[in-house]
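Each structure below is given as structure tokens.
Each of the next two complexes has chain A plus one more chain, namely chain B in the first and chain C in the second.
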Partner chain A sequence: MTLTSDRVEVAADPRQQYEQAMAERWSDGVPLLPATDDAVEAILAASPYPADHALCVLPPRNGVATVELIAINAAMAGVEPAAFGVVLAALEAMSEPEWNAFGLTTTTSSVFPMLVVNGACRDELGIDYRASCMGGAAGRGSMTIGRAVALCLRNIGGQRAGETTKSVFGQPARFGFCFGEWEERSPWPALSVRRGFRADQNVVTVHGGKGTFPLADIHNDDPRDLLYLIAKSLAFPLANPYLGNPENGEVIVAFNPMWAERFGRAFPDVEDLQRYLRAHACQPIDLWPAANAAMLADRGRVDPEGRVHLFERPDQFVPMVCGGLGSLHAIALPSFGESQMQSKAILSKS
Partner chain B sequence: MRTHGVYMRPHQSYDAGMSDPATVWVRRPTAAPGGDESAPAFRLDRAVSGLTIGVREDRAWRSWQLIGDIWSEYLRRDGAETITVETGAQVGQPGSDDRKQIDELAAVVDAAVVGLGTCGSCTTFTIKDAVALEEQERPVVAVVCEEFLVHGQNVATHLGHRDLKILVLPYPLEARPDDELRAIADEYYPRMLELLGVAS
Partner chain C sequence: MDLDRVAGAVDEVAGVLRADGGDLILLDANPRTDRIHLSLVLESVSCQDCVLAPDLLYETIEQALHRHVEGEFELVVDDPRRANA
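Moving on to the complex of A and B:
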């Protein structure tokens, strides 16, 4: 295998390597593994594409993401070769125009790609989907795949805080965010199946999420009451869809397995649950001060009952199941709005 | 310091008699940015009288709607016809409708003013829409607030339109009273015309 990217001599000492990576601006602030030829070649050996294949162009600086460059960043993040296909599929998903990578990598918003994985590869690769799956579980797959995607945006796309990306606050997910669905505990078809894939396929879904928005309750056991409160919580008055177009974007609503079981009994068909969420994810126009209310009215957002819905369609509410068994929490991944979730099958070398 | 692709540690020096410390070779993880070449920019080189000038507003920014409307009024005063389009979406059907609007605008105007870059993604789409007009060989000015100028220039460069004319307005415009915005519109109108290449 012949690698064509630039070779760079660095100190063998890991602390000096860390300093050099910081000086070169390759790092996200955390130490990286050295992308030696051996490490990069091992990853490329597992790639479904040749090293010189240009997978996509990554904004904001429109760098060409060859498979070799992606492999270098994956090696630095510690991605094991078997997991490289997830990184590639995620980047392919992000390069779909409707994901709006140019907008998302440059916005003042905190939004960042959030990766949801379905399929058997979750266990094979250490992708967290049980307790603390969105941070803290420390699965190698979750941590390294998410970080590799973030490093590709940084090093190939040229994303730099305050320069090419204008994100006011950023968010912890900008270090990398990847978790799985606990599909075996879901009362509904897996997210990937609902998005048109076979149940036996490994699939990554990329969501432009603004952050993690925690929800909790211990006072009401009725699933409809609880979902009603979740819907109301999703429709918080400063949510992005109230700024822009209600036709665009999705919110992921992740239920713990215990709540999912409860909701599954009340709504065996997930589309009924989505319709219920859509119906109740609204607020009375009187909630907003005059200036906001006037803008919402001017844009035709107020329905005949004087309510303003968060989204236009039920399918923009994306329920899924993951997390530990603590039966009092859900978590939402709110939408940036101007981004449509994308899914890709994870390919491996045939 | 880098010499022929070799990273020389900047904070250390070695005596001739010292053996080199152990090193390893790694691969550089970065890509060259896009936009090596720049597409041409265009100028009117005539007065606006008798021309049709497009003004692209953004429904997110009331301040820019006011300034855009004032400039449209001044352009009509100076003998031009104006067409104002309002955008506000980046994806989905609303985004497709907006981009179609820009394409249609490019087909009927002699020049255009496109704003407003006053957030990250709205600057990106201001520049993208301005580039779409410039690709139809229309003189165009992208209007960007000072805080987002570098970002706007980066986007233009990486889209291959480094020479795109960008008019810089003060930042922030939002939350200013209308009389201040009118003053800004008055102050920057001549500069906008100058960037379009308007001859008196």
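Moving on to the complex of A and C:
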């Protein structure tokens, strides 16, 4: 296999490698593994595409992401060859115009790609979906895949904090964010199936999420009461859909398995649950001060009962199941708004 | 979830119950869902008061499982005394 990328000499000492990666700005601040020929070739050997295939163009600097360049960043992140297909599928998903990659990578918002994986590859690749799946579980797949995507945006797309991206705060997910759905504990069809894929397919869904928004309760066992409070919490008055277009974007609402079981009994059809969330994710117009209320009224956002709904449609609420068995908790991944979630099948070399 | 370890932990508690004529049956231990489902059998128990109270028995089983099984799990115990409560 002939690699065509420029070669860089690095010191044998890992600490010197780290200094060099920081000085030359390949690093996200954490040590990287050296992308040796062997490491890159092993990853490329598992690719469904040839090394010179231009998979996509990554903003903000419109860098052409060849499979070889992606493999180099994947090698630096420590991606196993078998997991490379997830990185490729995620980048393909992010390239769909409706995902709005340029907007997401340049905005002042904290938004970043959040990867949700469905399928048997979760266990094969170490993609976390049980306890602490959104940080702390330390599955190799979760940590390296998410980081590889972030490194591709940095090193191929040219995303640099304060320069090409104006994100005011950033967020921890900008280091990489990848987790799975605990399909086996979900009372509803898997997220990937609801998005049109077969249950036996490995699928990655990319969500432009503004952060992780934890929700908890210990005082009420009634599923409808609990879901009502979750809906009200999602409709916080400075949520992005209240700033812009309520027809775009989604909010992922991740339930732990114990709560999901409770909600599943009350709402066996997930679409009924989504309708319930949509109906209650609203606030009275009186909640907002005059300037905000006037804007919402001008945009026709106030319904005849004087309520302002977070989103236009039930399908913009995306429930899924993951997390530990400690109960008491859900977590929302709020929407950037001007971005639509995208899903791609994860291909492997046939 | 190591199924042999689950079975060992259940057997540890079941042994105590068997001394009084009861039993603890492992109905299911699913590593895909991390759910362990047990059934308490009391039909042949000669001394009902000798069996730990439902909450205490549940805790005892849970502790025994935690000694043998790594990671989180959901424990479901079908206890006929709760059904009759």
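Definition applied: the second predicted complex is superposed on the first by the 350 of 350 C-alpha atoms of A that agree within 3 Å, B and C clash if a C-alpha of one lies under 4 Å from a C-alpha of the other, contacts with A are read in each partner's own complex, and residues count from 1 in each chain.
To be clear about the criterion, contacts are C-beta pairs under 8 Å (C-beta built on N, C-alpha and C of every residue); 3 or more make two chains touch, one makes a residue touch a chain.
This one's a predicted model, so the numbers in the text were calculated from it and none came from an experiment.
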*Could you tell me if A:A82 is touching chain B, chain C, both of them or neither one (first, second, both, neither)?*
neither
*So, A:A131: does it touch chain B (first), chain C (second), both, or neither?*
second
*Return first, second, both or neither, reflecting whether A:A345 touches chain B, chain C, both chains, or no partner chain.*
neither
*Using the touch definition from the top, say if A:A266 reaches chain B (first), chain C (second), both or neither.*
neither
*Per-residue contact with chain A, leading partner among chain C and chain B*: B
*asked:* Contacts for A:V10 in the overlay, against chain B (first) and chain C (second): which applies, first, second, both or neither?
replied: first
_On chain A, positions contacted by chain B and by chain C_ = none
*Interfacial residue positions of chain B with respect to chain A in the complex*: 2, 5-7, 9-11, 21-35, 59-60, 88-95, 119-121, 123-125, 128, 148, 150-151, 154-155, 158-159
_Under the stated contact criterion, what part of chain A meets chain B in this complex?_
3, 5-13, 16, 19-20, 23-24, 26, 34-37, 40, 57-66, 68-69, 72-73, 75-76, 97-100, 102-104, 106-109, 151, 155-158, 163-167, 243-245, 247-248, 299, 338-340
*Which residues, counting only chain C, touch chain A once they are in their complex?*
30, 32-34, 71-74
*asked:* Going by the contact rule set out above, which residues of chain A touch chain C in the complex?
replied: 130-131, 184-185, 257-258, 324-326
